[in-house]
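Note that the chains are named A, B and C in the order they appear, and that numbering of residues resets to 1 at the start of each chain.
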Amino acid sequence: MNNAPPIHHVDVGGKSPPLLRVRRLRKHFPLKGELFRPRKVVRAVDDIEFEVLKGETLGVVGESGCGKSTTARLLMQLTPADGGEFLFDGQVIGGRELPLKEFRRQAQIVFQDSFASLNPRLTVLDSISFGPQVHGVSSAEARKLAQDLLDRVGLDPVRFGGRYPHELSGGQRQRVNIARALALNPRLVVLDEAVSALDKSVEAQVLNLLQDLKQSFGLTYVFISHDLNVVRYMSDRVMVMYLGEVVEIGDSESLFANPRHPYTAALLSSIPSMDPDQRTEVPALSGDPPNPINPPPGCRFHPRCAHASAICHQAVPALTSVSLHHRVACHLHIRGSGHPQAPIG
Amino acid sequence: MSTHVAATPLQAAASSGYWRTVLRRLGRDPVTVGAAVVILLLLLLALLGSHITPADPYASSILKRLKPIGFAGHPLGTDELGRDMLTRLMVGSRLSLFMGITPVLLAFSIGSFLGILAGYRGGLLNTLIMRTIDVFYAFPSVLLAIALSGALGAGITNSLISLTIVFIPPIARVAESVTTQIRNREFVDAARASGASGFRIVRVHVLGNVLSPIFVYATSLIAVSMILASGLSFLGLGVKPPEPEWGLMLNTLRTAIYVQPWVAALPGVMIFITSIAFNLFSDGLRNAMEIRS
Amino acid sequence: MLNYLLQRLIYTLPIMLGVSIVCFALVHLAPGDPLVSILPPDASAELQAKLRELYGFDRSYPEQFLAWVGRALQGDLGNSIASGRPVAQEVFKAVGNTLRLAIFATIIGFFLGSLFGFVAGYFQHSWIDRFASMLSVLGVSVPHYWLGMVLVIIFSSQLMWLPPGGAGPGGSGDWQWNLEYMRHLVLPALTMSVIPMGIIARTVRALVGDILHQEFIIGLRAKGMTNLGIFLHVVKNAAPTALAVMGLQLGYLLGGSILIETVFSWPGTGFLLNSAIFQRDLPLLQGTILILAMFFVLLNLIVDIIQTLLDPRIARS
């Protein structure tokens, strides 16, 4: 039986349109200004575009500072975007058809820091039942719902319900956070490095739990992580970010088997192999880690790219389809881009 | 199919409330307990004092002026108008404690409100509120208290107003600082993500985490407030004669220090004791609340 | 770092503006007619009007404020209603007296406080620590005006070693650095020193305790640094904050000297403030509060700057 909470959602667009469509999303953070000098800006997320299909798990990978977490916060409307468009099931978030409060019922987030994500003064049950109560569920019903969810994520409500966050382990807290996210019966759950802070064995358990819940509740996940193995395990499609931009997005298996973008290829080759005969001799990525304040002109990856040519310094490559549901932002793969190794268009 | 997590023995212990832990820790420190007892006694004295005094605090007698400690019928001597010192010290506790504690309470309410508002909303509102508060903070507190009292005039109400104004800036600053820290924690984001209104988030998530540190800070101000309030009366800016109040008594007895020095010094001893008790208690409270898991 | 200092400097300006507005407002929200203290009760209506115009009380508040600020910037704070002398002159003479007192008090308080605090921090949690901490709680809790009275009782009235008040044998006459005058300084300075002593003791204790427990101290010991070396190292690290607190305490004493000056009849700014309040001498009151507050603001600024110069980490935060 599906322990679904009493709040139900309607699938507006039908099966095929994406659950979430993001276009030209931008967020720039101004730095503390110095006198007599123009203000520097961190271009955390720079005009990115992607979609999340219904029922899938979209993995998001990239190095620190690439904009993954900022994107998550922008998605959840926790940080105001400087520009861009969000379409949730075809409706504009915050527009007439989908007021913000309603959107918040349908999309939830689980953060990396399981302890900071919980109010240290509230019991586990209180934390979980907060959300439903905000949306009009009575406190008795919300409590019952919280107990059911605790059970569903593997924690005995009798033993754990009255506990405070500091009385739980990291893995247990994260389960509580997941229960809290599910309390509103959302359609989309963003997992921002949700398992990164957990011990490996606990991590495996929580990942299995997430898969299980996805099945039972019919959820769509955006799974952000820096751990490529985990992303491969969990995701249907994967989006690779670099310095505030999307460089590649596509079906997980084909991306991992045949990465098109040089950065993706470098990332994947940096995963240590379990095979003792395969030794990593040359580091895949050279050059300095990126600086989002002063990104290089043209393709942002060109200073570290083994295949860079003149066009890469000058023009920003657009995210272009190279096959069904697989897009790359690299001059190497864009017809007629001017790169010597590009296909002639 | 769910995987149940077994509770480890450590976690199987009964979950404890936060305040119970604090109370327990407080109880373990004899100094803090002693200070708390003294405060309780003083408060009792303030509330019941006038019912158990040996004499009338206003009854003056020209013949019995400035009698020493141990004089017949007046164990602590008499003041410059022949009134019984013991009685006046006891009754004086009411006004002195009132003038010391009330401004801090008021400042706690107003200052917390302003600070939490500024801390939670941030942005322009924060700048407006905090910069205005900075201006008042730019005055040394004694100067501000006296200037305000001097401007408003003597009297209990005016003194209360000026002292409250003096204590609002430091409390508001603490409130803003703590609120800003809490506001940036993920559980506030999670609460926002669930669609709750700002008001609700502050009520459920912020207040519980913020009020205790502010409260502890405020208790540390009570001793200062007491000394300042008595100081105002000492200067003639606070309580007016013939009301018994320790600071005012020091003022009127000043000239008597050459005649009956130890009697003249008595009111100050009361202020000193009260101040020590509040300071020690507030220190103990801070220590008890600091070391959390 | 220069950038930070510049910003800090510029930030002081709106504060100063705000402070002067508050000073002005304070004095003008006093109930009652400001002319009452000058005029005889049966003064004619036209004399009242004339004086009102002379002092500028007939104009609107913003106008009065701007006029006052304009003149203040030129050094003219009006004349005292009681004495007729220029306010600025009176205040600066008094400031000299208060500064002497406050500086002595701060130095005494700083040395004794640092001593207690250092010892307490070095032997943290031992009986020495408890004892020193108790002393500093006493120092912070004592009503200083009462302490002054007690000291006068003991040293003036009973033992007759020191004079009970005044700034010198001739009253508030010009100061001279000789024993006669210094005797008058002892009791008030000692009384006043108790406040910074307590606070500095607490601060230094916390600082020293923190520094000694930092892990790199263990590293230093492991490398064979002598106790003297570690001692100097602790001093070097604790000095900026301790000095900053001392500076702030000096500012606080400058502004808050009124109570002690009243007890000792010390002719400083506090005493001046006292008489200005009771004589309802508005120009003097306004001028005194303004100067004292500005001193405090500037002192805060200087302390910040020195602290930043000594510890550049502050500018980076």
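We take it that contacts are C-beta pairs under 8 Å (C-beta built on N, C-alpha and C of every residue); 3 or more make two chains touch, one makes a residue touch a chain.
A quick note: this is a predicted structure, and the numbers were derived from the prediction, not measured.
Enquirer: Name the two chains that are joined by the greatest number of C-beta pairs in contact.
Expert: If you count contacting C-beta pairs, the leading pair is B-C.
Enquirer: Quick check on this structure: which chain has its C-alpha centroid closest to the centroid of all protein C-alpha atoms?
Expert: Going by the distance between chain centres and the overall C-alpha centre, it is B.
Enquirer: Hey, how far is the Cα centre of subunit A from the one of subunit C, in Å?
Expert: 56
Enquirer: Just how far, in Å, is the C-alpha centre of subunit B from the one of subunit A?
Expert: Each chain reduced to its C-alpha mean, subunit A and subunit B end up 50 Å apart.
Enquirer: Hey, how far is the Cα centre of subunit B from the one of subunit C, in Å?
Expert: It comes to 23 Å between the two C-alpha centres.
Enquirer: Where on subunit B is subunit A touching in the complex?
Expert: Interface residues on subunit B, with respect to subunit A: 1-5, 7-8, 11-12, 15, 18, 185-187, 189-196, 200, 204-205, 208-209, 292-293.
Enquirer: Quick one: which bits of subunit B touch subunit C in the complex? Just the residue numbers, please.
Expert: 131-132, 134-136, 138-143, 146-148, 150-153, 223, 227, 230-231, 234-237, 247, 250, 254, 257-258, 261-262, 264-265, 267-269, 271-272, 275-276, 279-280, 283
Enquirer: Can you check the complex and tell me which residues of subunit C touch subunit B?
Expert: My answer: residues 14-15, 18-19, 21-23, 26-27, 29-32, 137-138, 140-147, 149-150, 152-153, 157-158, 251-252, 254-256, 258-259, 262-263, 273-274, 276-278, 285, 289, 292-293, 296-297, 300.
Enquirer: Which residues of subunit A touch subunit B once you look at their complex with the stated criterion?
Expert: Going through subunit A, the ones touching subunit B are 73, 76, 78, 100-101, 104-105, 107-109, 111, 113, 116-123, 127, 130-131, 134-135, 151-156, 159-160, 162-164, 166-169, 171-172, 175, 177, 180, 183-184, 205, 208-209, 212.
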